[in-house]
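There are structures below to look over.
Presented sequentially are two complexes of subunit A, the first with subunit B as partner and the second with subunit C.
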Partner chain A sequence: MNDTTNGLYNLLLWLWSTWSNLLRLGSQNGTGLFSNWGGGGGVRRGSNGGNGVQPKVKDITERFLEAARELKTGELVQDPNFTLLEAVGALEIMDPKMDSGLMEQDAFENYDVLAPRLPEEIIGILDQLLSHEVAWHTGSALSQTLFTSLYLDRLLSPAPSSLAEAGFGKLMHGQQIRTFEEGLLHKILRSYCIGLVKCVHHVNLQIQLENLRTMKDAQHSSHCIYEEEDIVLQTYNVALLERIPSSEALSLLTETIEWLKHIKTEIEPQIYEALFARLKFRRNFLAALATPLDNYADDKVPTAAWTDAQDALQVIKETHKLGKEVPEACTIVVQRKLASTVPPRPMVEYAFEEAVATLERMLKRNLEALKVLEYRGGADLYNYFIHFMAQNPQPLPYTRSLLRGLAFNKGQFLGKVPVKDVVLSDINELIFPREIVFDPKHKEVEMPAHPSFKINQVTEWYLLRASSLYCQLFTDQAMNRSRFRRNLCHSIIEWDNFQVEAEECDANLADLTNETPLSKDQSYSYVLSSWVYLYKLRLLEWVVFLGFELEIYQPYEYSGMFWLAQFYARARLSHLVRISEFSKVRTPPSGLSREEAQDWQKRKLLNIALLNYHMLDARAIEALSSASMSLYSVLTHLRLIPLPYANSYASDELRYELRMKPFQQVVSPQIEPFPRAPEECFRPGTFRDEFACEEDFTEWVEQKLEEAKVAVSYCRLDYNELCKMEGMVGMGLAGDEIKANYKLLLRSCVGMSLAVMALQMAMKKGEVAKCEVRIDAEKYHPFFPVPVVSTKK
Partner chain B sequence: MTTTLQSSLQTSAQPEPYRPRKDYRKTHPFLTPLLLKTIRITTRDNRIFVGSFKCTDRDCNIILGPTHEYRVEGGQSATGKKVDLSSLGRSRFLGLVCVPGGEVVKIELEEEGEHTE
Partner chain C sequence: MAATATTIDPTPPSKAPLNISRDAITYHPWDPQQEPLQLSQIRKLISKDLSEPYSIYVYRYFLYQWGDLCYIAMHEGKFVGCVVSKLEPHRNVALRGYIAMLAVEEEYRGLGIASKLVRMAIDAMIEKDADEVALETEISNTAAIKLYERLGFLRSKRLHRYYLNGSSAFRLILYLKNHLPPEERGILEDAGCCGGHDGHSHDHAEHERSEQPHDAHMIG
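Entry: the complex of A and B
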């Protein structure tokens, strides 16, 4: 679209690809970093006929064979720096499983790209390409999807440098297209293919740019960097029409659409509609993808393009049946031409219906992602990210990259709000610190001995550090869920360290600002570390719950993990109570005008409301977790859930150590070592044996079930209330999602209470042995899988 | 580096460390000087592999370093006269490859300096 930005993009892309090539190559072929300096395809150095330099070649076949025969079996002549280990990575020529060059070329040569095609066949080819494109979006390599198309192969193989050169051959140079038949191939298919390639190019570019940005953002933290791993960005050295500006491709598509309209009368109406929708979809899709993210900030948001693409997709779906498949237009034999060190791979079959469904979802979510542009504060954005990324199935890599790219541009939120301001506003909303702490007037003081100067120093340092950790949270969320959990485990340690540092800052500030402690226990407010601790506790809860979502835990571990969840939720609740104690007794600073005082009161009320909301949330999570904990420990000890296999390598203690690894490194709240961990939750095999008699055990079970029942009933009340809440602070952007989430939690709640009732009934009748338990994670909240209790017949 | 590692292992007490048989590496008056030189291998299916010579054995299985593949198309025989690589069009980069001895038809050595015809 915009040429200067394009230039910049290309430069960044180049930097990125050089870097990633270096990284990638080391692992892919054993030959080390410098093996790929020859580049991908193209002509090798020294063999270039163009400059007339030809290396002298000597036939040494006979002497070589003779010499080799002089070696004994098992002896090698070998470059001393070359190890046999490396040799394992060598591609074995003539091995059909490894050597992609061995593939039969018949399919390749026999297919005539220029042969006239029926309109139905063209529709079939276009739909096939669409399926392949979606397959690529969902993680398959280009070599197994789009690049198998012989049309794309013909279009891209001589690496066209201008629009005029990009074609299937003949006819393209100056000659006029007269008939519909000719136009089908050389206008419709050609412009569609060019648009498609440009789409792939833009998606590729966006994700690579985002990778690059993530890397730059993370420079200052000890975080590991991961590239987006759910999409294959490798293009096998095929140029994706980088030299043709998207604007040209767009106008080509528009031109083709006009041409099609012009000859409308010659075509069957249904066919016309089908072709028209496909071209329209491609044009809008490309227009949306090609808009640089920087332009979004200037209100050039391609909303219309996305919605038009959605509409066109509906027609494509309806008219798919008109198409006639041309299976021979795609072949994996194309792989023999691609610069790749991997063995040949089969073509990916992606059903058209599924592809359209995925694409529909993608378009919808891309549109949704544009919502972040209505930025209403850090907490809001944060909530939005949480719920956007938690969708199932997770948004595709492009959508995630788009959202992150929009939210974070040029190291700022939406390219205009500095992260520091966002953190500050979040602290103000959540903690409501005394004005003196973050008073902007401190900045004006230049005397190092002055308290204001020192306060500014402390808070500036704190905000800088907090911003980088805060940013990291957004980056982590843009990863896939498993990677997100792994990264969170690392982040938690950083937050934990930061909390210690922030406490020091707070102690300093209390001195510098002459803070008066709350009278009852002589404690200071510790605003800075309070914020850090609150976030850390949320992250800890997340790590525990994501384990449920990702099905990491075994059923017999559930009670232990729910114990941990309620432990953290409880800590969060009491921390929130502490914060609110301080903010409740705050009095307005002196010297405010009437309006200012009103504003101050309003902010205080908002803060209290927000804290109440968070307390309610934490209390509900705590109650539901404790109920689940009791329920699952009863199920475990009643032996309704399979126990871990007994073997000499595993023990309850070892399992505990392993599970608690990410949590044990955290200083506060500290997790107890195994001997002091609650036995009912962490000793699935042996806990029951400790009861003196069966009656005691029964009594324990009944007591636990009663506890679960009470907890569940409390949390049902809380969730009912949360579902009804309107216009809560921080509910802005993601309001609907938050509500849906609470409904789902409520459903889990109901599920748990049903299970408790069923068990209580069975206990009463003495039919526990007849019960069967199935764990259902599908219908309920992913964080709270529910046991479904039924009786065997 | 290998020797220092070896010796350090030997000086450390018990148990006898694993040592690979070293005598499988041979020097050969003709083959050893060829190492790391660029050679061209023509295979039976009319492909030419150009890369730096890394390793070979009695059966003439050859391992080539960063290798480019050229394809001699259209019935033209690669075994015959000298083939001009630049006339073959695009090459394909393959990395490290192992060409089985049985498939080798012709082995050529690229020498320094320019080709004079």
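Entry: the complex of A and C
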């Protein structure tokens, strides 16, 4: 390449990417300009190209060449605003790998969408569309999935503005369909495709709406269900039949179903059944997706539509084999037409069986998400969300946005309860504060000097701030797991700050309410900050454990991370003990009627039961973490798991600093700085060398294994008990999931205990050198990967 | 060099590659004078392992601004490997090196070429007073992950569907220096340990945003 062309190249690229950006911003006229660039082969057509808007063209070639001659090879004329992002977004025109305009058009032009198709082929086409649809739901772009379909392409371009206009051509809506053959295309395929496009539209809309809402609620823009990383909402300026109401698409599907029933006798029964099920599925799927979330609150819940879609899907699955594939009906050449700034991308192959399995799961979970409408209090909601979102594979973005959207909508919970009230119910369940703190009568006092007025001011401020963080927590849970962990790392800082503020509120309240301190140590209850601290500790544990789930730690880090886990679990346990000390000595306020007094006693008992349950949970987590810590520490120093490499740039201290960064910023509980952190956990390479002799080391190993054994046996008892727990507060919505989770924890517990025994045995026989360790994260709880110890043959 | 040899090196699994002597591989800093020849070779090498090509601009973006952090491996006049990186302040708190691209010609893998190239880049960053080094790599790229972890990198987070082909990534980070002030590192025992609050109020939102959008994804 000579200098001139090289410089020219740079400039061209710059111009190109500037336009690309224009296009990305949705500039409709921008697309028109492309048709004048790229020379003969590389003509780009935007979806709006040829819409009558005549672009103005100015020939800059000469000026361009002149400027380019000034540049040396490799020299860069860089606009400070031209970032790496834009460089990566830039395309090279005429490069076949980057310029979608250079794609062969043949496939595109040779396919006749109007050609008659066999019923088997129609089934094949419908099933291909279904696979593409699921691929899109799981994160692939429309340009690589549904939009590759030449039927959808014909249906959507040029954008039809009414049902009558939406078709494949020739025979349109209203015209007589005489034969089954014509009907296959112009009734069945057409109405299915229209329904499908509407489904995509509704999913897109729902997620965008959720994004907007969460962004509005959130303090950071990072808190929203990220498009692109979870689902690609980009439609490349192709209108998704927005102007055709879903009711019309639904009627069309119903009409087609009726027509099919009408000619049932003319069709082979199996084929009939297959076509019928596909139409039925589409109609119900669309009916469910098109129901606005606001309607759910008014009991217009599309439960029947979801279950009917489920039934139809079973038949689709069984009749798939009747279908005949028509691979030519999809081509990535369609990407030539899309208003996109990305290079040609391959079609996503999503196997039909997998698509159906994913869809089955989605339908089931959409139904499960409706359970939230039966909400029974804060603890319930919390458990329900955790277990719902922790399912593996994780629920699809639509389902997550459905649940979040149902639960938290416009500052209301379930569209009717202010979030503040949910928080308050949670505080009452968990902390059982003295009545005077949240007494609604305070609101009635209008004298600023009156304690009631001041109390109300304090609690109102607190509840407002608490509600926002509380909402945030549920929004964060609706993210994919990777982002959930990252958002939590930020949230813990906010909860930490809030705790400091809440402590001030508490001190104020103790004063304003003349609180009598606990006789034992003269301490005050600090109810508001107690609640905050409890949540913060839960989040801290999550951050640690999600690191295991996401495979962020290397095995030699395990003992350190379990050390951190047991540290936070222990803090949670002692905090719960503190809360219950206050709760236990509470006496009913004076002046209650007999019934009120009974109710009060009942609430107190429920609170104590709930606290006991949480204490058991925290104690079990602490014990299992301690056992895992000891076990992995032994494995590290026996060199049974790989150590960090010696000849590296890292050091134990720098590694510690990096790993502890999210936690280090939290004021309480504060983690130890490196010199005081347990050496057995954080000095994987050198700890062993500290022993004076081999016997000392052996003794240490035996002692650690004994500690692990004891801890594991304790938590086994706890988990056995937790697995049996019935009818607890907070088990209303997710009772089964909670138990399933405890069973999995129990399994990890048993796994750890087997490993400990195997090692003890090997130590006794002096056969440690023969041991081999494989870490199994699959069969056990994702938070507690288990070392499987075996003997080398 | 900041490497502190506190840890123990188990014998590395040695593969027996072609009859190429390690000594015959030479390493060179990027030479802007050679750009017409070298750039196209770098491009060829890197794009082999990419699902989508980068425009020439991406290469120039790095080479023009941080050519001194890019290194090339040669064998008998043949171009066999390269590393492309940059070094910039990160959120105004740390000078962060970033390894943008790394590749070794297929037949030359397993010879330690990539390790050597990355070391050269990191050493150059240390020269320039870098605090840390970062990069992203596909979670299924075991070769790359192992290579970086051997050099001391830790996985700091996971990035869901980070790449355009839908696969996720790990962000790997290597601290080259302490980031905490001495009193928070437990060095001055009595300096009170509650400085956490003001000490590190990073702009989190800013940070998260910088991870997106998808288009700027490099293979480290």
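Here is the rule we use: the second predicted complex is superposed on the first by the 690 of 793 C-alpha atoms of A that agree within 3 Å, B and C clash if a C-alpha of one lies under 4 Å from a C-alpha of the other, contacts with A are read in each partner's own complex, and residues count from 1 in each chain.
We take it that contacts are C-beta pairs under 8 Å (C-beta built on N, C-alpha and C of every residue); 3 or more make two chains touch, one makes a residue touch a chain.
Everything numeric in this text was worked out from a predicted model, so none of it was measured.
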item	value
First, second, both or neither for A:140, with subunit B first and subunit C second	second
Partner contacting more residues of subunit A (subunit B vs subunit C)	C
Contacts of A:90 with subunit B and subunit C, given as first, second, both or neither	both
Which of subunit B and subunit C A:73 touches, first, second, both or neither	both
Partner chain in contact with A:262 - subunit B first, subunit C second, else both or neither	neither
Touching partner for A:774 - first (subunit B), second (subunit C), both, neither	neither
Which of subunit B and subunit C A:552 touches, first, second, both or neither	second
Partner chain in contact with A:178 - subunit B first, subunit C second, else both or neither	neither
Contacts of A:237 with subunit B and subunit C, given as first, second, both or neither	first
Partner chain(s) touched by A:645 [first = subunit B, second = subunit C, both, neither]	second
Set intersection of subunit A contacts, subunit C complex versus subunit B complex	73-76, 78, 87, 89-92
Partner subunit B, residues of subunit A touching it in the complex	28-31, 35-44, 46-50, 53-61, 63-65, 67-80, 82, 86-87, 89-94, 101-102, 237, 336-339, 341
Residue numbers on subunit C that touch subunit A, as the complex places them	1-10, 32, 35-36, 39, 52-58, 60-61, 63-64, 122, 139, 149-162, 164, 166, 168, 170, 173-180, 184-187, 193-194, 196-197, 199-200, 204-205, 208-209, 212-218
Residues on subunit B engaged by subunit A in the complex (per definition of touch)	24-28, 30-32, 34-36, 38-40, 43, 45, 47, 49-50, 53-60, 63, 65-66, 68-69, 71, 82, 84-87, 90-101, 103-116
Residues on subunit A engaged by subunit C in the complex (per definition of touch)	1, 6, 9-10, 13-14, 17, 73-76, 78, 83-85, 87-92, 95, 97-98, 139-140, 219-222, 226, 228-230, 342-343, 345, 348, 480-483, 485-487, 490, 493, 497, 550-554, 557, 639, 642-655, 657-659, 661, 664-667, 670, 672-676, 683-686
